[in-house]
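There are structures below to look over.
In the two complexes below, chain A is the common chain; its partner is chain B in one and chain C in the other.
On to the complex of A and B.
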């Protein structure tokens, strides 16, 4: 469903991704780990089409479409969802209104009938419950005054409502207490249906105890430095990234 | 990103068509003779003509104010025509059936159906086209509860005592340059009288339309709420797209007697000019109300049109415990300039006022809030709360805030809060990442910003205002 070939991308002329390759098949969960500043968030932004992040060469195919040709909102409606590392606030726009508009855009794109007000409310309430957010949060402004953990759970709530085909979670576990971590993981697991795929960016192996990945990749210096199964995450947890340098030297 | 935003908010002015209606229009120019002719056209009594002439003589000695943060070519008052009326209006139509069908079509294009049965339930409408009021609906129904709602030109003939008693008492003839000009040449506008203890059974509303080229519009509105009465009134305004600037100088006077309440809402969508600042309405308006004991005056305005806006709807809180409110959304884009705000003059004890102002600037526009809160020496225990927020879209626009506070009473409390924010790339990206296109994203963020004001509009018009904002921001209009 997603195939990234030799992707190079830069921000303000500075190259961050330097020939990245990745293949994600329907239903798979890929975890991406790697040191700070390696380019993990950049990958999420490039895939979702953020303007300042320029793909300079390479190819990205998403569900048989040339992803890099599409606008941000077109990619989103095509089924790509990004849960932000730092969700932004939109004062005065209620979560409810925001969800209604975005769900309606997604359904229109998929040729589905629009939900009635009652159906929508029911779905939104259920989604809140699933991520353990009080339903009052539907009436509050998008992320307005939410705590760090609430913002992360709100992202997962939106993901559940939008039913995307590819979910990119950028450190959705950072800053969460252990209960919230389980809530987020449960939210993700509930959406695993054999077709929906996930790219889970994280620094911590503990999230992967709850969300079993099919593959773990180490992103370093703009490339996938190493790929493996869940055991790779344990290795990182035990010994950090110091071995990467040796690895690169060994390659040289 | 800002280029994308520019595109998203570049729009066509929807109300910009010109109606092909035969009209009687005065030659441009202004002297005492023109004023006499206006008065004659309106079949006014002598006292009214005398009142106008005195205003004109004062105006001739006055200078145009230059303190506002507005830049424009000087206005040549001799190149403007001061009266224009559709020909078919010579003998005022008695009913809608007699109204020129072209006029009715004009209003239908604007989305204002004039046929009573098609109208918004429970809204009575007065329609002012260029210099005359063409039709007022639901008059009989209103008369049942003693409410008078008619063109002011008619009120001058039919209810001279009421007009004489209140006209010019809130905004004196010599109040300011534009008010003096209006007093000399005003042509039409609405008159509202709500008897003692009556709750007006429906929303009242006036739609103003400038159609004729090189014609100024000078309307005058007078609303009188007797003791314990209640009225909600809304005005809407549009004009065709013209390359020349057109002058609009209105005066609105509100008289809120003891225990009464007047709610006055404006949705102003005069032609704003094109993206290079060519054409558009110059909007110089004086609006003021006096609130007596326990009375309440509430101004709500949504200002999206006009090349120039100079407007400060104000409250004189004369009676003890009287309340003044001002809720404003002012949106400027392209080369529009707005200098708008309010004055809250606290004279009585325990008077309270609330000011919520939301300014949105985009393109190369300039958006200024100017507000005065004055606490008089007798205003014991008076309170004001002011919140003044600016939202910038893109980086070529400007927002300014000038809050003036004058307090002559140590027990009075004045609170002021101000914020400036931008529609950030992060917010737009979040919206787009959730599948919304950029126009929808911007209008949603702006609507969120204005929420506190929109909730003050009468129900029927809150939706209209939201849509207007959306249209004002959108690239194309369906």
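On to the complex of A and C.
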């Protein structure tokens, strides 16, 4: 589904990703952990095609396509979804209009028939309920005045509506109370159908208690420093990243 | 003086019709007016260079094909001019009672007398091209709506221009007391034409005028004109101007609150493409107390286009209790696009409520990215993020048929505008 080979990426001329490799197969859940500033969000942005984040070398294949060749919206329509760490507020555009446009674009791409207004509304209500957002939120501007937790739940709601094939969740758990955390995790789990894949970026084991990963990777200094199973996350929880320095020295 | 203006004076000197006395006055003024340069305040941001040495032909007779643009459900009374020449037989129009429409060119003495009460009674005489129009507009219409008559059908004056032709025309409107009318001035045409079009409106006591002016000329055109309104007591004006911008497109819209309790709502929309230029000058004068003005000019400027907005609301010493608002909002779509905006309030009365301001926004790349990251194309995302504030003014147009016709045109135009 996704294969990243030796990916280097810079922002404003500063190299952030320094030769990153990652393979994700259909249905898999990969957790990515790592210290602040390691480049986790950068990875998400580069994969989504954000302009300022420039892939300088390496190869990324997504569903047999050269991902780096595609525009931001083409990548999204190809099935890539990034749940943002800090979703923006867009007061001039209503959530409803936004969702309608994006769902319609996704369905068109997949060759599906468009939803009728009634079908769309029904699906949007159901998705809202699933992430515990009041339906009235649909009428508000995109993320306008939403609390931190509401924004995160809104991201998951969009994911449910768009039915992507690869979901990258960038700290969808941070800033959530324990109930909201469960809501987000349940939302994600409801979308696990054996084909859809997930990259879950998080700092905390507690999310992985709810979303069982198949693999855990530690991203440090722009590279995957270590990969393992769910037990790796528990190690990090217990002892932090101090060991990384030894690891890097050992590598040097 | 420019070669073009010298030609104007030359041609105007030989005009001989019932308006000749007024034309002569205009000529005298023209002869002593110097050609505007960048140092002329009124023309500071709009260069007349392209006009200075232009020589175009005048149309001699009307074109056979003169179709007014089709607007579904508008059901208007159409008067069409092609290159300044009438293409509509005014005498054949089937008009409702209380409405008369006459050609200025062959007005009877009675009509001449009525029209003289409007001609140059509203338009300020400082405008160089207004004077040119005074001197050379041999064609035009005088529309009179009798007191108390409420017209249901809109009246549309269509000015079509074509390449290589210069034309001048005039619209005079008298709205009697308690009368009600909708008047649409529609200008359009492709190619390197030159046209001046000035309209004067006398709005009677408690009369209501719904006004539209569309300057939808192509990018090579030179179009200079104005619409000028004199407000009677407790009268209402709702005016919407829509400009596409051209090589030179300049509209002056002026309102005089000549009697108390009048209300003027003035909206203006401009959407400018490649190298188009649009200049809106507006002067709204409150001479008497208790008047209200609400003006909103909004535009989107792309590529290397330039918009100029100069809006002044002048509140004289006696104009107490005036309510006035003047706002100009702009979106710049590219680095090469320019906007020069000067909204100004000049207040000499002490008991008034006024607000004014101008904003210039640029494309919010972060918002655009968010929408695109959800699969929405850049083009569509731009429309969603930026068309709203234009759409708002379109939806304020009281005539729904016109709004329904205009909206897709503007959307389409916006969608093709360059954003980088």
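The rule is short, and it goes like this: the second predicted complex is superposed on the first by the 252 of 252 C-alpha atoms of A that agree within 3 Å, B and C clash if a C-alpha of one lies under 4 Å from a C-alpha of the other, contacts with A are read in each partner's own complex, and residues count from 1 in each chain.
Convention: a contact is a pair of C-beta atoms (placed from the backbone, for glycine too) under 8 Å apart; a residue touches a chain by one contact, two chains touch by 3 or more.
Model, not experiment: these values are computed from the prediction.
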item	value
First (chain B), second (chain C), both or neither touched by A:92	both
Touched partner set for A:141, first chain B, second chain C, both or neither	first
Partner chain(s) touched by A:153 [first = chain B, second = chain C, both, neither]	neither
Contacts of A:48 with chain B and chain C, given as first, second, both or neither	both
Residues on chain A lying within both footprints (that of chain B and that of chain C)	48, 50-51, 71-73, 76-77, 82, 84, 87-88, 90, 92-93, 97-98, 101-102, 105-106, 109, 142, 158, 162
Residues of chain C that touch chain A when the two form their complex	365-367, 369-378, 380-381, 384-385, 388-389
Residues on chain A engaged by chain B in the complex (per definition of touch)	48, 50-52, 71-73, 76-77, 81-82, 84, 87-94, 97-98, 101-102, 105-106, 109, 141-142, 158, 162
Touch list for chain B against partner chain A, complex	1, 4, 421, 424-427, 429-438, 440, 444-445, 447-452
Residue ranges of chain A touching chain C (in the complex, touch as defined)	48-51, 71-73, 76-77, 82, 84, 87-88, 90, 92-93, 97-98, 101-102, 105-106, 109, 142, 158, 162
